[in-house]
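Below are two complexes that have subunit A in common, paired first with subunit B and then with subunit C.
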Partner chain A sequence: MIRRLAVVALLAFMTLPTVVVVAVSFNPTAILSFPPGGFSLRWYANVLTYPQFQRAAVNSLVVTGGAVALALPIGTLAALALERGRLRGRNVWAALLLSPLVVPGVAAGLGFLILAAALGLLRSRSVLIAAHVTLVLPFVVRSVWVSVRNLDPALERAAASLGATPWRAFRRVTLPLLRPGLFAGLLFAVVVSLNEFVVSLFISNRVTEILPVAMFTYVVNYTDPTIAALSSLFIVATFLVVWLADRYLDLGRVFLQH
Partner chain B sequence: MVVELRGCTRDYAGVRAVDALDLTVYEGEFLSLLGPSGCGKTTTLNLIAGFVAPTRGRILVDGEDVTGRPAHLRGLGVVFQSYALFPHLSVRENVAFGLRERRVAAAEIERRVGDALELVRLDRHGRQRPAELSGGMQQRVALARALVYRPRVVLLDEPLAALDKKLREEMRDELRAIQRSVGITTVFVTHDQTEALGLSDRIAVMSHGHIEQLGAPREIYEHPATRFVADFIGASTVLRGRALDPERVAVTGGPPLRVAGGRALRAGADVELAIRPERVRLAPGPGDNVVEARIEGLVYQGAQTEVAARLGDGQRVRAFVSEPTPAPLAAGQTVHLHLPADAFMVLA
Partner chain C sequence: MKLLLAPAVVVLAVFAAALAALFRWSLLEFIPGSLQTGGLTLANFRGVLAPQYLDAVWDTVVLSALTTALTLAGAYPVAYALARTPSRRVRSTLLVLTIAPFFTGAIVRTYAWVLVLGNTVLTWPVPMLFTERGVLVGLVHFSMPTMILILAAALSHIDPVYERAAASLGARPARVFWRVTLPLSMPGIVSGSLIVFAWTLSAFPTPEMLGGGKVKMIANVVRDLGLDSFNWPGAAAFAMLALALTLALLAGLGRLAGGRAA
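Moving on, here comes the complex of A and B:
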């Protein structure tokens, strides 16, 4: 009984911020008060019609799409090289590829800002894409690496003995067997990139900023429940992605198949 | 000849796995590479398959130099110890893999995959995934996959090692039957002498990267050329001695032993005599070719008991005594062992 109460309390504690945000988003008045004094969808309408959010949503899609499209093949090759390649200093390479996880966002953001300024790229979304690639890469490498480890190296030899060129063997045998790791990596990359804020704040402007940055800017200037509405949409979207992935890609298996 | 290795050497990080190996595989034969782990037998197979390149030497298939040719252009069939079946493809697609890579027409693929699955008695399991099949069935899928595009040679890397004993014996017989019916040239890697003796037309016994002896199973078993071969095949006893005349050998701490058959001995030469444990008999007392030995260990094996004994000078003798033994045996006891003159194999 006590144990069950503890679980309920923990769950309540963990979901409380989410509940507050969602509740506030339906508040009819322009104050961020809790509990809400009624029910209204006006802030949702505001989110969808606010031009800066529209622009930021497009930026988010472009940046996340571009970063993921680059990070997946790069991360896959890196994972293959780490596991299979005749690599000198394998541990150093592994540490480097996974290091963005331990570099503080502020430091990374500052680094990218200085680099972008030096290259004259501050007005371009390409800097954001490049930064996001480095931020999501560790997640992709990790996920794919698990699948690579589960591969029997004899499979590629078998494919070769059956007449498959190295490329054909990769296409017909290796890649299909890496699919679970690739999906998991893709999922992580999308979620991380869509929610990335600190680094992006350093290297974006009003034209290139992505949604989390636009939300922050909005909160700095206005204090109405619009931001709660947008946050709620974000929560729902993230939840949907994870739920669909879990349902159709069998995520549990991906993470448990060591 | 189908496959020829000429002076092939392969080093791995300074370790010589295969050392200046010469080997010829003839059309239609079943050749076994037999040896303990680390003797270079699997490396030899990988050299033929094209998975590793020789550090030195040349490899010929049908008289053509294929030394620099990658595995996918050699067109040989390989069955792996782990089977290496593609887990994401059905049994049928696994078998069809080699044909698809060769761009065989769809109808032809259909027919040949059907034939191959029938050959290994798996025609009703085509739609299943490899993981749904038993070990023996997976083994047969791997065999069908390697045979379906009619390779010049099929290379088998310890294909029976992962099966339990009974299944292994069944598969061994089946493997032989299939090889016979297809008539395909086969190179078989194993560390199991029973498998090699039962399956092969010829056996190459390997040790430390070179071939100790190459010959028919009976020849290898009855006339081992070296101490290593005598010991590895049939775990023989090897006695050291000195030839007194062409027919007699003095072994320290015992009467001279008569040696019949084989080559005549050179008087005064040091010789090594090998004798199989199943040829050693218990003798009731002293006599011709009878030595005294002290029993050190007994291992009861049901149909027989394995006796480990030592001669007066410390040389070991192993004997299989069939059960029930004529008199109870115990460790520490002194027994008389008859070593028949015609059972000795004189090692080079």
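Moving on, here comes the complex of A and C:
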């Protein structure tokens, strides 16, 4: 009984901010009140018409699209090499590939800032794309690696013995079998990149900044519920993605069994 | 087959170049009012010892320790429920509710706490926003999904047969927990605590937005020095400090894990 109470209390603690943000986003006035005194969609209209958010949304799409398009094939090849390559020092390679995960965001951010300044690339989105590739690559490698490990090499040998060229066997047998890992890797990469903030703050300016950075700037300067509206859109999208992932991937299996 | 690794190695090289640049600048002399730098020096690392910065380092360590303890206490019952519930529906609900904040970005999550901790929504008996208390609440919320997942993974490896055996031998539920479940879940507790502690040491958006400039952790000092004062060498020294602390903790974790495997 006490145990169940503790679980419920913690779930309330975890979801309270989400509930408040969504409620506040419908607040009719710029002065926040809770519970809201009425219902209004004006902050959602504000999100969609604020020019800086429009620009940042385009930047987010370009940066995340570019970074994921690069990281997905690079990470998949790396995962194949890790499992199949008979590499010397495989554990070292694996640790190196996952290492960007443990580097503090401000250290990576400042490092990329100094590097970009030295190369004269500070006004370009390419720095953001390069940084995002390094940050999402560990998620792709890890997700795909799990699928490669579960893949029975006999199936590829069977394809080869039936006359398939290596490329055809890869395309028709290996890739389809890797689909769950590829999908999970894609999901992680998109979510991580879309929400990346710390590193991006260091290497972007008003022209190149992505949505989380633009939201941060807005929160610092204005107090109206516009960010609550934009946050609500993010939250709904995230819950949908996580719920779908749980339905089709059974997250319990992904997370609880290693 | 080894060639497949080549593109990833290029990515790693870019990352290494960024960290190398950071390291080099942490050793360059800062010339105020200029992005030019002087010769090699250790002055930036001595700067870390200045009283106001030492305060930030101390606050960071204290906040990280408190965050770890509170997160552990809060996460354990949920992780236990996750690992032991027979119902897939309960497990899915728990997972989605606890993991979703993991996927909502730092800004969304932290802004939500600005609303909750500011007196606009609830009235608090003591000031919360822009205090260390408020930052602590945000940090605990931020670390919770990680801790829950690590503990749940550890707990799901414990065969319930042990607990049933203890109970059938007459141990009361509390005794079963303290003498059987808790010791068996120790690996999860240790690795979860180390990872949460290491992450909190370099936390940035939470103290930045919930601290409102009044609470400074190491990462906030890096931002202030680097982006406000354009003191990149000083900022780089602090960033190196954060990196070194994190790596030292994770190396400790690696040794513990290695020791268990051996």
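Everything below uses one rule, namely that the second predicted complex is superposed on the first by the 235 of 258 C-alpha atoms of A that agree within 3 Å, B and C clash if a C-alpha of one lies under 4 Å from a C-alpha of the other, contacts with A are read in each partner's own complex, and residues count from 1 in each chain.
Following the convention adopted for this analysis, a residue touches a chain if its C-beta (ideal position, glycine included) is under 8 Å from a C-beta of that chain, and two chains touch if they have at least 3 such contacts.
This one's a predicted model, so the numbers in the text were calculated from it and none came from an experiment.
Of the two partner chains placed around the shared chain by superposition, subunit C is the only one that A:F234 touches, whereas subunit B remains out of contact.
Touching more residues of subunit A than its counterpart among subunit B and subunit C is C.
In the superposition on chain A, contact is made by A:R157 with subunit B only, not with subunit C.
Of the two partner chains, subunit C is the only one that A:A78 touches; subunit B does not reach it.
Look at A:A107: by the touch rule set out above, it reaches subunit C but stays clear of subunit B.
Once the two complexes are laid over each other on the shared chain, residue contacts for A:P176 go to subunit B alone; subunit C is not touched. In the superposition on chain A, A:M1 makes contact with neither subunit B nor subunit C. For subunit A in complex with subunit B, the touching residues are 152, 154-155, 157-166, 168-169, 172-173, 176-177. Listed in rising order, the residues of subunit C touching subunit A in the complex are 1-5, 7-8, 11-12, 14-15, 17-22, 25, 35, 74-75, 77-78, 80-83, 88, 91-92, 94-101, 103-109, 111-116, 118, 120-122, 141, 144-145, 149, 152-153, 156, 198, 201-202, 204-205, 209, 218-219, 222-223, 226-227, 232, 235-236, 238-240, 242-243, 246-247, 250.
Those residues of subunit B that touch subunit A in the complex are listed here as 49-51, 70-78, 80-82, 84-88, 97-98, 101-102, 145-146, 149. The touching residues of subunit A, counted against subunit C in their complex, run 3-4, 6-7, 10-11, 13-18, 20-21, 24, 32-34, 71, 73-75, 77-78, 80-82, 84-87, 93, 96-97, 99-100, 102-108, 110-115, 117-118, 130-131, 133-134, 137, 141, 191, 194-198, 201-202, 212, 215-216, 219, 227-228, 231, 234-235, 238-239, 241-243, 246, 251-252, 255-258.
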